[in-house]
Amino acid sequence: MRPIDWLTQVLEVVAALAVAPLFQGWVNQCRAWLQNRRAPPLWQTYRAIRKLFHKDAVIATNASPLFRVAPYVVFATMLTAAAVIPSMGTRLPFSPAADAIALVGLFATARMFLALAAMDVGTPFGTLGARREMMVGFLAEPALLMVIFVAALISSTTALPAISERLATGPLVLSPSLAFTGVAFTMVLLAENGRLPIDNPATHLELTMIHEAMLLEYSARHLALMEFASALKLMNYACIGFALFVPWGTATSAAGPFALAAAIPALAVKLVVAGAALALIETASAKLRVFRAPEFLATAFLFAVLGMLVHLLLGA
Amino acid sequence: MGQMPFVMQLLDTLAALLLLLSFAMLAQRRIATLVELFALQGGVLCAATLLLAWRTGDDNLVLSAALTLGVKVLALPWLLRRMIRRLDVYWDTDPLLHIPGTMLVGVLIVVFSFGLAQPISALASTATRSAIGIAVAVILLAFLTMITRRKAMSQVIGFLSMENGLFFGAMSATYGMPMIVELGVALDVLVAMLVLGVFFFQIREQFDSLDLERLESHQGGR
Amino acid sequence: MTVALGAPLEQILALLCAWIAIGAVGLVRPASLKIAGRTLFPLGAVCGAAIAVVAAIHLAQPPERMILPIGLPALPMHLRLDALSATFLVLLGAASAGISLFGAGYFRVGQGTAPGLLCFEYHLFLASMGFVLLADDAYAFMVAWETMAVSSYFLVTSQHRIGEIRRAGYLYLLIAHLGALAILLCFGVLQGGSWRFTFDAMRAAHLSGGWAAAAFLLALAGFGAKAGLVPLHVWLPEAHPAAPSPVSALMSGVMLKIAIYGMLRVAFDLLHGLPGWWGLVPVALGLFSALYGIVFAAAQTDMKRLLAYSSIENVGILFTGLGLAMVFRGAAMPTVAALALVAVLYHALNHAFMKSLLFLGTGSVLHSTGERNLGRLGGLIHRMPWVAWLTLVGVLAIAGLPPLNGFVSEWLLLQAFLHAHEVPYPFVDMLLPLGAGMVALVGALAGYVMVKFYGVVFLGQPREPSLARAHDAGRTERAGLAWLALGCVALGLLPATIVPALGTVASSLGVGSLPAGGGPWWMLAPLGPQSISYAPPVFAGTVIAGVLLTMLVVRLTYRRPVRRAPPWTCGAGPLTGRTQDTAEGFGQPIRHFFTPWFAMRRSLPTPFDAAPRYSVEIGDRIWRALYEPLAGWVDRGAAICAVFQRGRISTYLLYALATLCLLLALVL
Amino acid sequence: MDLFALLVTPLAGAFVLAWIGAGRRAPEVNAAFSLGTFAAACALSWRVATHGEATFANAQFFVDPFNAFLVALTAFVGLTTSLFSRPYMRIEAADRRVTPGGLRLYHAMYQLFIGTMLLALTTNNLGLMWVAMEAATLSTVLLVSLYRTPAALEAGWKYFILCGVGIAQALFGTILLYIAAERVLGAQGVGALLWTHLDAVKGELEPRVLSIAFVFLLVGYGTKTGLVPLHNWLPDAHAEGPTPISAVLSGLLLNVAIYAVVRCKVLVEGSLHSAWPGRMLIGFGLVSVTVASFSLWRQRDIKRLFAFSSIEHMGLVAFAFGMGGPVANFAALLHMTVHSLTKSAIFFAAGHAAQKSGSQSIDRIRGLATVSPTVGWGLMIGALAILGVPPFGVFASEFLILTTAMRDHPWATPILLLSFAVAFAAIFARVQSMVFGDTTLRRLPHSPALLPVFVHLGLVLMLGLFIPPFLATWYGAAARLIGGGG
């Protein structure tokens, strides 16, 4: 391992920490513009988090230690995930420790703790949210795994950096399988990050909300951590998307420090574009009924499977 | 070989008589008469044995003739008559298969048993081997009698006439079994009869009739 | 040291006999709980641990044989200890150690079987499982196998005054016996004309394709019946809840693995000349069982039934891996075949620990609350923290979350699936990879089910006032739980040391061998250092470090007080236990999504009900489609045979005459 | 000498008990005589084990491994049954179900029955064997109807008529055998019915006649063996007689009957040089096993249930003997042993169970394990053993039979397995419902004697795990004696 690799590693994590709220802010801004609203400032998310950190934490009388540990666990898992995903460089010292499957496992862990914490106080909203979260999860997770599986089949490894490097360095071929999986991945991303058409982060209507319902009992720094974690999650998903579908611009193992320098603006550009696209999709689509959510995700899952079949059929 | 000796003709006649008697029993519905027929059959058997004994000069046969006389002509019929009187069962109800039908089946059985007897007679060395077929026929006819009757009493008589058939078979094929066996057989038959006597009274006191319809409570899938 | 104590096989034999002896001591004073509980069960646990140690030491050594002078005159009992049986002996010993510890504190003097007798049956059960693993000829195997079935049957029916428990036990033993007959028939085919029933003779035998297939299918039926493979699973969700919890743990955690062992033994050791693609049968059945089991688990409202169905799921996964290994072996891909086989073995180990842990957890809950129904539990994490936190380990593990053990085997299996498209059979190379998707789906559903299980039982608010009297488990019970939880963690963190050991099993069976030098002790790289890898210690370290770091930062930067207040719930208070979601409610999305799978009987309240009641019964379609008709046919057969016994003596005589004439006609 | 003792002891017992049979100590006397018989039997089998085969009374009697082990078994089960019947009949008397006269009859006939069976086993003269078999029927027929209830009388009547008729066929078969033998062994040949002589010359006997003779003998003795479709007397007789009688009927009489069949089969196969007598037995065996196991499904009476299971197992034995050959014969002999031990043990337990519930109806017997564990567990373990669950001896024999069947008659194996499965489902469902669950049963005036039950089951368990070498060699010798097969 070269020092530069360690640098990349650290840089990635720090960048994730720093940029995640900004990215969320950017998405919200785009949405506001598209909906002809006056947009909140770009760093609105930072403000919110900072404000929350200044408040006294209020915890339900019958909350168990699990309830208090959960935010830290969720946050830490997202941080670890950020360390696995090659957003800037593909030669990460940490990558041998966890491959793509482990990454999916990480997200699952976060989801599970979130759900358990939500059920801990025993409010109707909490259990409702937990149930819906798991309902989304039990289809989103395999869909994500299949997406990664296809990429893994193409590059015959499950180590995410290796995948994205092979995709980046390999000759530029339009593989239809990736097109399928790309659609699937987008759908999963929307669902997993509580975006329209599955969930609407902007509402508190019990009929519709999922993610917010789980956080109702949280306050102050716990809530802050949770919000931060969800921002990180969005960021991570975006980076996974980049690694799988637009791997170009990241510093490959061959490349030197300049490549890394070049990778930072590349990432920025990708994020800007992705945020805009995300906002566009969200504004374009209407909220689905909760019962329709499984169908939406089943479609995603099947798209991923189709992608794999196409790959096996065409070998591309 | 031409004209067979008169004794043999007589023996064959007696054999035929046995068969005739079996048919008569098959057809008979009056129990008292059934007993008489049975006694008569025993008598014929006894006569045949004596005849054979006289011809072969085999004193074992004399002994077994005496046995037959004692058991099958005197003892058993006497017992049966007493029972009939004590239990006053004189008539059997209609047999399960009506008489002509029974007869027809009987004829078939006779044919079958004659066919069956061919190889045995071929083997047997006795003068009376031709009668073996009749013995088989008597046995199977007795079987048929037991099947078609509804009264315990007549069933038993059928059983006993089956014993006759066996006895006749043994005699005609081999001039009788070893003495010890014959004694054993006779003893068994006698005991059996006594046991049956006990039975009849028990059945009678339980069911106050000897109809076998009463004895159909045990069934497979209750 | 081993020299002093004789060969490992002898040591293990001695320990198994010790188990029986321990049980027999229990019979001396059946009514005494003191002897059985306080003394014998801990002793049994010690024996178990010892067996695990001896077997683990022996794991890499060449097979050992022994012939006992008992059994049939022509066929004395052969014993054999090789890598495969050693692996499962480790499983048996290690898992049973924890369970026995727990059992020491668990059993009470109650309505059912007396403790001493229970102790005897329990240890006989353990010993018979050990003998199944050692048996090296058909007779010894069958004897041990059926002893296992019978002893466990008596354990299941220890509360035999309850009707449904009797029914469960009957169903269990019946299906077990049918399975045993299938296995017997399988051995009859396997000996392949030598008519010697030692396993060596079977190894030597070479079967033609048709016979090999027959033997394989018979084995699949027999061992599948024992393992609860769909559609032979119906006994499992009945019997496991019926049994006392340590027994459920033993059956679900260990006995099912013994069935897997049998299948492995036949498929990879005894049976030769079977085309590889036959492996698709167990793959298909396994995947179906997995999905079926987990979907039904999501719909259950009885916590032990829920776990039982989840066992069906795991058995399905095991069979999937087994079939995958067969396919790879047939396709001459030894390394991947070995990988799949290792995945199976690893998952067997994992499930032994996780499922035992969960069942024991439910046992404690059952003891302190007397409730099995999820609708009457909740909030127990406050009343019984030990049980709750230890169970949480099991829950996270069985949900397949890193860095715990459930994830490792899932990871290995998926890695094996990653090569499924390389098999040289047409269509198979298309279909097999889809299995990966199925496995992923099942894994995610397992997460769902486990959240339901844990959330409803331990979290939230107590749904019954009586739960306030719930108390935590005793010391020995905690020790048992802790042991198993520790096993889960260890298996999760140290795959890099365990996987090569399991690799020796694969190589000893001639399936194939994993490349040597997989990497340092903390890094699992089954297919060689430069290929895919997973380093649980590092991984776990990072996550935990992340948690601690975050806490530290938060502590250092913002130190504001934490106030306790009644729950907010958008201002909609006050909360009671009834305002929470029920178990049925939590399972509802799955029921909704998989509606056609269930035979549901739902009763909805009308708007005008004074006391509205909602109830739903989940029925098993397979039961109605398969088992009820079967019983019908047998009954029809009985009806036909009853005709022979109509009671009329003339008819009987007629039978006799007819038989006579018929036979005579035959000989003439 | 020992043979003489063996035969005379029961007869003497019969006379003595006919005289004091209703007395207070009669059961003990009964047991004492059985003990004497058993001692004699042990001496006899010891002689066979040491000196090999032997004949007595100018060859009218003989012992070889085959009948010697059956003699020992008969005497042993006779002894244990007499021990069991001691409290059992006391309870019956206390319940006024049997009169003093009945008790006398019972004890006398019990001894006589044992005696006749031993005679049938040890005699060398086929005619005498027939006589003994008939006598065995006669001595039990009144015991079957001992309770004088309508059902009992009906059972007794059927037993009498069906077995009587059957036996008559056997007699004719014997006569035919005699005809054929006389041809070879000379006119009025002294030894014309002596099995050993016949065995010596079996090659020269006329095949046609012998085949006909075998049919008659098979139908005759087969009726007593309870082979379907000649079995109809069996369930009734077992269900209605006093339990000790059911035990010995099922455990011993059936063995003796099949012993007779096998003796004849040896001769006939020897003369025919073909295996069709064996095939006939196989056919009977399969039919019996199938029909019996399906009939089990609908039984409501505990003793009828196990009577049908006896039919099933006798069918299995017949099947095994039909296959012939050392292994199958060995298995058949082993099966005869374990079956009579297990089945009599089951009947012991079942008898007490019926006494406790005051009825033989399965639906009325509940929770035996709770009210009296010994009876309950005895019944449960016995049932498991008879169902061929390892490690009991029944499994050992069934294992051998099945494996041999797989080799010689593969088509038969699925039928057997199916029947086993059905039988398991049927019997176990009922036994479980009787042993487990809540109870409504009463305590008994006399404490039941369950030592025999557990002695038998212990032996069966031992035979499943370990067959003593001397026993193995003994069976082996008998199996070679029977020969047959390919």
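Assorted remarks:
To keep things simple, chains are lettered A, B, C and D as they appear, and every chain counts its residues starting from 1.
Assume contacts are C-beta pairs under 8 Å (C-beta built on N, C-alpha and C of every residue); 3 or more make two chains touch, one makes a residue touch a chain.
Fair warning: this is a prediction, and the values are worked out from it, not measured in the lab.
Contact with chain B and chain C alike is made by D. Averaging C-alpha coordinates per chain places the centre of chain A 79 Å away from that of chain D.
Distance between chain C and chain D, defined via averaged C-alpha coordinates, is recorded as 44 Å. Averaging Cα coordinates per chain places chain A and chain B 102 Å apart.
Note: centroid distance chain B to chain D, computed from Cα atoms, is 31 Å.
The multi-chain contact residues of chain D, meaning those touching 2 or more other chains, are 157-158, 161, 165, 212, 235, 295, 297-298. In chain C, the residues that reach two or more other chains under the touch definition are 638-639, 641-642, 644-645, 649, 653, 656, 664, 668.
With touch defined as above, residues shared between interfaces to two or more other chains in chain B number as follows: 116, 143, 146, 155, 215-218, 220-221. Listed by chain label, the pairs that touch are A-C, B-C, B-D, C-D. Every residue of chain A that touches chain C in the complex is listed here, in rising order: 53-62, 64, 66, 69, 72-73, 75-77, 79-80, 83, 94, 96-99, 101-102, 105-106, 108-109, 111-112, 115-116, 119-128, 130-132, 134-135, 137-142, 145-146, 149, 152-153, 156-159, 204, 206, 216-217, 220-221, 225, 291, 294, 301, 304-305, 308-309, 312-313. For chain B in complex with chain D, the residues that touch the partner chain are 116, 119-120, 123-125, 136, 139, 143, 146, 152, 155, 159, 162-163, 166, 169-170, 173-175, 177-178, 180-181, 184-185, 187-188, 191-192, 195-196, 198-199, 202-203, 206-207, 214-218, 220-222. Here chain C touches chain B in the complex through residues 638-639, 641-650, 653-654, 656-657, 661, 664, 668, going by the rule given at the top. Against chain C, the residues of chain B that register as touching in their complex are 96, 112, 115-116, 140, 143-144, 146-150, 155, 212, 215-221.
Only residues 125, 127-128, 130-131, 134-135, 138, 141-142, 145, 148-151, 153-158, 160-161, 164-165, 168, 171-172, 174-176, 178-180, 182-183, 187-188, 192-193, 206, 208-209, 212, 235-236, 239, 295, 297-301 of chain D touch chain B when the two sit together in their complex.
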